[in-house]
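Each of the next two complexes has chain A plus one other chain: chain B in the first, chain C in the second.
Our next item is the complex of A and B:
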């Protein structure tokens, strides 16, 4: 009996060890980022950014490495193929290792491809077992290949880490959304919210790019247009989609209001005109106090949407020297901030209704609560009704903190 | 007979609950979403009532026959020919459950973890484990289930906690999903059919006392359905129902979505182990029940000689469906529909005949 048990135990060990599917680490090439452009003859052009283990091993260890000074920690290969996954398999012909997407955290789509529709890219990727639903999605102004090759990773060795951290930085600046692959894929299939994806681009002009003159236009740029020196890649603004097709772009400032209305803005920085001394500016850090309260009435021809936002800004800079810490003046400032946010949000909503004609804010998700069955909701046809919706926005602003200063004393003359 | 070894209420409850839960980790949650849309999580509510009804009727059948399994009672009540026929239907049902679970989970392992391994090799792995489980007996299965349960529970709690940031309450609306008929009638019939009430009636002699049948099965079923409702709700809260209905392996997809910062992700491998364990328990217990039922039908004292041939049948039959979609259709459209015959209708018929005869005898 002991022998039988032993044979059974050995059989289990042998058959469940996964020998067929094993991948040796020194035979695997890890794709860290993928870029998608339109290829020739209806093909897709896929750019793979692959980890170069010779250099990464040295860089992670703090020295040495066999890669030499000239080699980068990653390699690029671009392929044309009918499907993204087909390009991935073709890559095995070009590179000497077993290619794996298991560590790929980034998908970058060119604007041209996005405007034509991303379903042909997303569908096969969603089916593929190595695709990570948590990978980040970006839309690139220009070609994805060009962006990936020109984006210098000055602070990071790994492009995956670089893009992952950049994507998460929206929690600090709020000038662009974050989109995971699954979120994006899901939004292309629902009727109640449309996808939004962060925009990336290369700054060709450096500091020579034209700067905006209005005081309240701190982030009023698209990726690649912000005057900045040194780093060429910029992650700023939003690509707006209708289903799987990109239909427009939002600047960084508009993206902030988009995130506010979606309840996803954690923090952002804002500069406004000083209400007591026009021509001067006031710097504020915005924080969402709580998620927006959204109420909808979606029974008639034109839905009514009431949105209430809650913002808690902190004073960052008051160059005019006015004592806005004073309770009465603080109220004046709060009122001005509320007015400005209301106005900007309203402008953005109007743009979404008149220009894009889509609900990027996900108001439809609240409207469908009024319906009992999917059939009734589909029949209401939110997509067609949204452009005629009346959207009322109310902004509650309460300055809770004034930084390390409780009072501003006028300077002596 | 090895079935003489006894175990208590806790072991029985956990064994039956885990057996009932196995379907959650396959394509079943997706089928519910396809059926009921965003209200998929409501479908187990009427299903639970039907499942408890099955337990109640089988308990009514077992109650006047202490010390006897449903196989023996069926033989006694319906006579040799009809009784044997009904018992064979029970056995075929157990084998069918084993076959579909073996194939679907083998395919699931290929999709999720072992893409280059032949399906036959994975099936052999499951079958050998199931045969070993059935050979050592239900007591070993029950005690191992009891010991492992905290890890299963811990895994599910970890899954739910980690997925909490991805919950979108709007996803459960419209509240009645595709429609009340689909949710409460079709959904109830789809989720309500369970094999555990019948399995427990076959292995009742392994319980410390026959009186444990009702409390053990009812609690096991309640636990299984509670997990089903909670996990189905989590599934719908995380993925919009249109996307959820596309997913082959809902809980593999959910676990692969866990992303709590750069350092807490890619934990799906942990869950594959848990699912593998639960499905092995399921296949083992169905193979064991089929062997015990066959031994009982043929009035043999030992069930173990049947493990090898029945295991072989499960293995070979599991490879017959040409592809994964076919076996999913086989399970969801045919097995779940016709499973009402062995799990509900036949015990009811036996119960009715038994009652009628008793009444006549009393008169």
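Our next item is the complex of A and C:
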């Protein structure tokens, strides 16, 4: 009797739960990236990049008889719809398979759409069950559809992998932030920080693009402006948001200081003018020794923010031939680097206060700690106070490594 | 409301029809009488060969007849109380007339022996009549079973009795005299019942009868042909003894004693089997094994009523606690060193004559994941292999189910590229994932079963067929995807890496449950399955010891359960075995290490 009851219970579980949630892989189309543009008639124009697993797994090539053209590992479908999720459902009319967003790792918004506000795109997606919270968000100069179609994947087969790797490469160059969907969505809502999103664009002019002057201009470009061979996608710079609206763009260099102040810069290459022999450049690899120490006093009319940065650059190139490995000269160089970083950070902070009038650095999060309740904090109105804040920046620089060279010897003439 | 469930149950379940009789061919009174007459007649001229067959029929018929008398009690009871087992099947007939005692008269003893063995139709039994060389001579008779005895010993015995016995015979009992003065056998037993004579002769001993003596001397002359002590076939090790048990009980007990040289090591013998009796031995350390455990083992073995007992596997089925649970509840091992190690923990070994596998009780699931080899290896290697095995344990029953639930329900859980690879390879496969997986699993089970059954001469075929058909052709024919082949292969390997054959079998069966659950309900189903399996397993006991101890009911964990720490830390015997002495070694078991030297490696 006991066994019968058990079997009965199990049967009930099986029959009542059923297998309706299951999804065979050969009945599903996996969306890997989505692009959003403004559509006609106030609609949303959504571009889906759908994986073609046959090609990615390499199963297509040999057996298929007849198919002469090289199949691509992904396909595009673009459609206009009132909401992104509506477009997603409409897609079932066009494509033969059940569409799944489970592996959609990239959201690309066009600059035009971003400047108008992303809330109408993000809100339904945030509510949707299949959206991945860890998906990367990009803002694209030009239209998203154009960008996605022209971004050639040369090393990667899958676009998802391509964008994922590109987004994580900021830990090596530090010339742009990374933004995850959920983080981005949250920071459009809070008062204490404003979202920043990496900027992408297509390089139209190739090597013909105008180059900047030699000194201190390593990444002083926006995505798409950097002179480089071929018509390729570039991931450089930052789109600055106020709430869900984009308000400005930062170049690669400015992005570096943004990340530095946010404490998110892991490594970045920097070129400075030689303090001992102006006209020559010095190449450095910056590393963050530890996270910045940020102290705020946010009670009066004008908040005071003290930021202390800790950088440990290592020497990469000293074409001037000066022996900066020498302890005394090293001090000189350290001082110069500190001065330069302080100056650039100050410039960026005043730009954010005067031009954008928003706190992209997240200083508000430190200020918020002084308040016991959210109500009080909201009453303080950080958003209005920040532009008047006094920001003091102190930079500690210590050159720990000089590369593989311990001493520069002057050439004997 | 309370009535509804029983009603549903009544509809769904099978109800035994108590009115319906199973077919019993009843005898009418005349038939019964005819049967009795034929039985009496058969005893009169037992020498007529046809009667030998009839005897078997009679036993059957009598069983059927008595069953028929009990017909009112329903079919099930008839089966259970079948009287066949209660009959003294081995010694029927004339012996009942004088309680089976040996008589003074050699001739009548001979008659009885002839009746008992169905002579002269039965050609295996040899009756040799001779005269003792004493003065005066005494008529004697030797009975033995051809093929079971060592002929050289028999000849030697006859020689001593017939030729080297030229001494006067003093008074007193003949049997005593012969036993004490004439018979050079090393094990001589004086018996007075034919029952004991038969028991000895059937197992290869020789029985001597003497004119005027109502005793018989049963001399040990066993010389049965058997397989030599060989490497264990199913439990191979790299390090450690390479001997395995054979089929002869006495050789097996000796092999154990070879590793466990102690006077406390006790061997007790039982006879199990009504029609074909077989010897069953239990071995334990008298001063260590828990007395209650030994008592329980003996109680269970003694109570067994069964027709025959061929192998320890049959005995296992009769003495285990929960026959309906999938998990094996005894450890069957081929290796004497392992048995000896278990005995030293306070466990009891059960040996069955004719079976090269020895049962050890009580057992836990952890001990089934051990091989004994870990103790011979250095502890780091032992620990490593145990963790590998642990992984194999889980993979062997969970992997296919988990794969199905991920592919069908939880696609977001795996890396995009992996999912795309799975999806791409599946594009041309015409079946749903479950069918695909079941196909491959079933083919793998076929290869496994065929591999065991295939005659050795064409054994290599199985490799070719299995590898080519399963591995390559099925992928090329787009019946299964290559990833699945890898998955099933890994699962198969893992199941081979589980050291205990019975446990691996259990996991093989569990695997199919998890495939179904995973395909129907995803991780939710797997979770339900795991929950139910854990309940079943925790509830299990092997001779009073919880199956998952020392972690199921948490007791002292020790250093030799999942991992294996250095030997000098194994200071206590397993707590759950409840041995008479828990301490295995003193706190300092390496006497040469200087105190306070700090390299004893202990933490306490």
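Basically, the second predicted complex is superposed on the first by the 388 of 413 C-alpha atoms of A that agree within 3 Å, B and C clash if a C-alpha of one lies under 4 Å from a C-alpha of the other, contacts with A are read in each partner's own complex, and residues count from 1 in each chain.
Here is the rule we go by: a residue touches a chain if its C-beta (ideal position, glycine included) is under 8 Å from a C-beta of that chain, and two chains touch if they have at least 3 such contacts.
Since this is a predicted model, take the numbers as computed values, not measurements.
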For this session: Figure out whether A:8 sits in contact with chain B (first) or chain C (second), or with both, or with neither.
Result: both
Problem set entry | chain B versus chain C as contact partner of A:383, first or second or both or neither | neither
For this session: Quick one: classify A:30 as touching chain B (first), chain C (second), both or neither.
Result: second
For this session: Examine A:276 and indicate which partner it touches, taking first as chain B and second as chain C; both and neither are also allowed.
Result: neither
For this session: Tell me which partner A:54 touches in the superposition: chain B (first), chain C (second), both or neither.
Result: second
For this session: Answer with first, second, both or neither: which of chain B and chain C does A:212 touch in the superposed model?
Result: neither
For this session: For A:132, decide between first (touching chain B), second (touching chain C), both and neither.
Result: both
For this session: Examine A:120 and indicate which partner it touches, taking first as chain B and second as chain C; both and neither are also allowed.
Result: neither
For this session: Check the residue A:97 against both partner chains and state whether it touches chain B (first), chain C (second), both, or neither.
Result: neither
Exercise. Which chain A residues are contacted by chain C in one complex and by chain B in the other?
Worked result: 5, 8, 18-19, 21, 132, 161
Exercise. In their shared complex, at which residues does chain C touch chain A?
Worked result: 8-9, 12-13, 407-409, 411-412, 416-417, 419-429, 432-433, 519-522, 524-525, 528, 532
Problem set entry | Complex interface listing, chain B residues touching chain A | 37-38, 111-118, 121-122, 124-125, 128-129, 131-132, 168, 170, 173-180, 239-240, 242-243, 246, 253, 256-259, 262, 265-266
For this session: Spell out the part of chain A that touches chain B in their complex, as residue ranges.
Result: 5, 8, 11-12, 15-16, 18-21, 126, 129, 132-134, 161, 164-165, 180, 182, 185-186, 189-190, 192, 362, 365-366, 368-369, 371-377
For this session: Report the residues of chain A in contact with chain C in the complex, numbered from low to high.
Result: 1, 4-5, 8, 10, 13-14, 17-19, 21-26, 28, 30, 32, 51, 53-59, 63, 100, 102-103, 105, 130, 132, 158, 160-161
